[in-house]
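Both complexes below contain chain A, partnered by chain B and then by chain C.
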Partner chain A sequence: MEKEMQEIAKKLLAEKKVDWVIGYENSFEPGASRPVFINKPEDAVKLVFNKSCVNNLSVYLPKVKKQKAAVIAKGCDLRSVREIIKEHQILRENVVIIGVACEGVDSSKCATCRENKLDGADFTVGAVKDLGRKEDLSDIEKFEKLSSSEKEAFWNKEFERCIRCYACRNVCPVCYCPDCFANRLMPEYLNKVVNTAENKVFQQIRMQHVFGRCTDCRACEEACPVGIKLSLLTKKMSKDAKKLFNYESGKDTDSRPPLSTFKVDEEGIVEIM
Partner chain B sequence: MQNKLITQENLKALVNELAASNDVFAPKRENENTVSFGKINSFDEYVPGVLLTNTTVKDKVYLQSEQLFQYELKKDTVEFKEKAPGKEAVIFGGRPCDARGFDVIDKLFNWSGYEDGPYTGGRKNTTIITVSCEKPELTCFCTSFAGGSPADGKGSDILLTPVSGKFLAEVLTERGEKLAAKYSKYFTDASDAETAAKAEFAKAAETKITKKLDLAAVKKNLDSSFDSPYWDTVHLPCVKCGACTYVCPTCYCFDITEKKFGYLNGERNRTWDSCMSEMFTKMAGGHNPRTDTKRRFRQRFMHKFRYHVDNFKEELCTGCGRCIRRCPVGIDIRKVVEEAK
Partner chain C sequence: METKEKKLNIVGFLCNWCSYAGADMTGLGRNIYPANIKVIRIPCTGRMDPMMVIEAFHKGADGVLISGCHPGDCHYSEGNYYWRRRYAHLKELLDFFGIDKRRFHASWVSASEGKKFAEVVKKVVIETEEWKKSTLK
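Our next item is the complex of A and B:
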């Protein structure tokens, strides 16, 4: 599988079809990998694919959008690629998608994965198997049942740890704003002081911004250096987007994200006032 | 002071007694995959086996956000209220690379006769009891630095090293002596054989560190590579978050901001800042000399292994490897500086 991937990358670079191939290479310890940018055909042999290839590489695409790039994408990453194409952050013709048949990496999302299909990829490496895994919303449903004060206590404990490194934002494929509200000084939406209250405000606003666009890829949770349970939020958002707007982020490249459009009568929303 | 010996049980009793009257910070479990330095109320909350806590211990002295003062505008004057000095604290169970971080930034916060009040205030109140590392990780490279070792006491007040089922306690500073004298009931005198066993321990641990940087070569290469095309591509995988800088035991950059409570009163705060952030170099007029991500990325490595060496004759790094471990995209500081040319 790796050999096949390397051959595709080598050919794309040699024929100058792309400027970059974004994939994974071996990291500092056995079995670990990290993202790599390759621009020479002879370097294509560096590419690997194994269980440690957790990173969602689509985050890099808007950053190299003036050049053509090929990206190694698992089924779940492909959803993010479709989402950012839909949001006009990259042009489809500037991206070559090398889909890899994935049977799960070392991530919390894989146990309930139903997204390993590679629809829309330009190349597919390996054969996609039906993993037979089912959606499991029990953790969200359990959390929904908590009282407001229990929820608040939980999140206070989580965000007390937050060091506001913004890794969650910077690895997020749909957090591509060049001018984030968190950096704004006039007006100042967020004070620079790091404390539980400000940390929560940051994540609340970020989550509102990615609602109906977040594909629940878990890149933010994987990146968090202090292990904040962000998947509880992203999973809940996916669930709500489906329930309220019958919308699934990253399913296609042409539907409108629910909050970027308006209908007088939304079927999923009951007005109480 | 003569080396001391402390048994497992006595160490437990000592920490419990310390925790009763001081803030004791030690590696503490936050959730299934997070261990950070937190306040412990008893020894049982301490997680002993961990080498690399998720975050750095520096935030126990050099707070991530710190109020410098509060102000209130009165009729004719402005009234300032300074923060009261903090409580006596003990940092227990950190590692030699954590403690060395304090030694490195001490020099910065006391540079050319200037003493940084909030930092040195916290530093004077804090006693650091460090534990030597038996099994260094693949990310460790402390032996690259002058005197660096998994059993090195620089920056620590007391260094504990496991020796024949007990701990050899090297009391290294006045603060350490004060603590050892106050709690002398828990310590016994160590013999020469036990001190020798510590040297053996250090040697064995050092050989387990597989990566050693040639710092002279690194400095030479960085000196001449500022405009090198190397930096055009090496930064590409970096997502420019600040995780590496905020978990680093030696990164010290900060920003000063105000927070208004009303029209007449407010506070001034100091908060860690990161060279990876675009805002870090943005000036009042809107100009930003380091707008692009390549320049920000280059700055971190240049500062640590070139500029700081020029100013302080030592690297701004202790080789803990936390930035490598916590980087969401696995950027390896050792590889970046070694390959720079």
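Our next item is the complex of A and C:
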């Protein structure tokens, strides 16, 4: 599988079809991997794929805008790649998708893997197996039934730990704004002081911004150094998008995101006085 | 010592073309409505950045009311349709964060519906009060 991947990368680079190959390489630590950016055919041997390849590499795609790039994508990452193409952050002809048949990596998200199919990938490495796993929304439904004060208490406890390192934003494939509201000073939506209330506002606004675009890839939860349960929020948002607008992000590359379009006859979605 | 009950703070974002004029009409028609609402004029409900709602709650608003033109009557023809979608999801998301659904409201009030505006504000205040009482228990 790795050999096949290296061959494809080598060929693409040698034929000058792409400027960069974004993949995984072994880290210093045994059994760990890190992202690697390859631009010489002879370096293609560095590429690996194993259980430690958790990162969502599509986050680097908006940064290679003018150049061509090939990206190694698992089934879940592929949804983010489609979303980035949909939002015109990279042109479809400028990206070569090398899909990897993934059977789960070292991540909590894999237990409820929704999609490991590789539809729309230019190359497929390995054979895709049906894992027979299902999306589990039971924790969301349980949480929704709590009272408002219980919910607030839960999030206060979570965001008390937040150190506002913005790792969740930086690893998010759809958080590519060069001028983020969190850094803006005029108007200052977010105080730069780190405290529970401000941390919560940061995440509320971030979640609102990625609504209907978030593919629930859980990169933010993986990156969080203090282990805030962000998957609850991302799951909730994909559930809402499905329930309210019958929309699934990352499914295709041409549908309109739910908040940038509307239907005249949808009075039923919400009660307005 | 006597404890003074704090007055509820409701922030109302009213669209310039319908609801703001509707609020004017309420006064013209001498309809009585609670004075808890602080009105902010916005060009259109389509201009409502959800960030402003989150900010309002963060800065201490007990309730938020967004009011605009009836569907199909928008001055900019489609702004309120966008708002309806945003409102639907924002209400869910804020509820998930622990901001009660009784605190966040939207309404369609046209420039001639002075009476309706008074009713809407009354309802918002009653629901927000209900929420406030439930937290004190």
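Here is the rule we go by: the second predicted complex is superposed on the first by the 269 of 273 C-alpha atoms of A that agree within 3 Å, B and C clash if a C-alpha of one lies under 4 Å from a C-alpha of the other, contacts with A are read in each partner's own complex, and residues count from 1 in each chain.
Simple rule for what comes next: a residue touches a chain if its C-beta (ideal position, glycine included) is under 8 Å from a C-beta of that chain, and two chains touch if they have at least 3 such contacts.
Computed from a prediction, not measured in an experiment: that's the story for all the values here.
By the touch criterion defined above, A:Glu115 lies against neither chain B nor chain C after alignment on the C-alpha atoms of chain A.
Of the two partner chains placed by the overlay, only chain B lies in contact with A:Phe28; chain C stays clear of it. Contact with chain B, but none with chain C, is seen for A:Asn55 once the two complexes are overlaid on the shared chain. Of the two partner chains placed around the shared chain by superposition, neither chain B nor chain C is touched by A:Glu221.
By the touch criterion defined above, A:Glu83 lies against neither chain B nor chain C after alignment on the C-alpha atoms of chain A.
Contacts from chain B toward chain A in the complex involve residues 30-34, 36, 54-55, 64-65, 138-139, 233, 236-237, 239-243, 245-247, 255, 257, 259, 269, 271-272, 274, 277-279, 324, 326, 328-332, 334-335. Per the touch definition, chain C reaches chain A in the complex via residues 50-51, 54-55, 58, 71-72, 78, 81-82, 84-100, 105-108, 120, 123, 131, 135.
Of all residues in chain A, those touching chain C in their complex are 143-144, 148-155, 181, 189, 197, 200-201, 204-205, 207-208, 211-212, 232-233, 236-237, 240-241, 244-245, 258-259, 262-264, 266-267, 269-270, 272-273.
Only residues 20, 27-29, 32-37, 39, 55, 59-60, 64, 161, 163-167, 169-171, 183, 185, 191-195, 219, 222-223, 225-227, 229 of chain A touch chain B when the two sit together in their complex.
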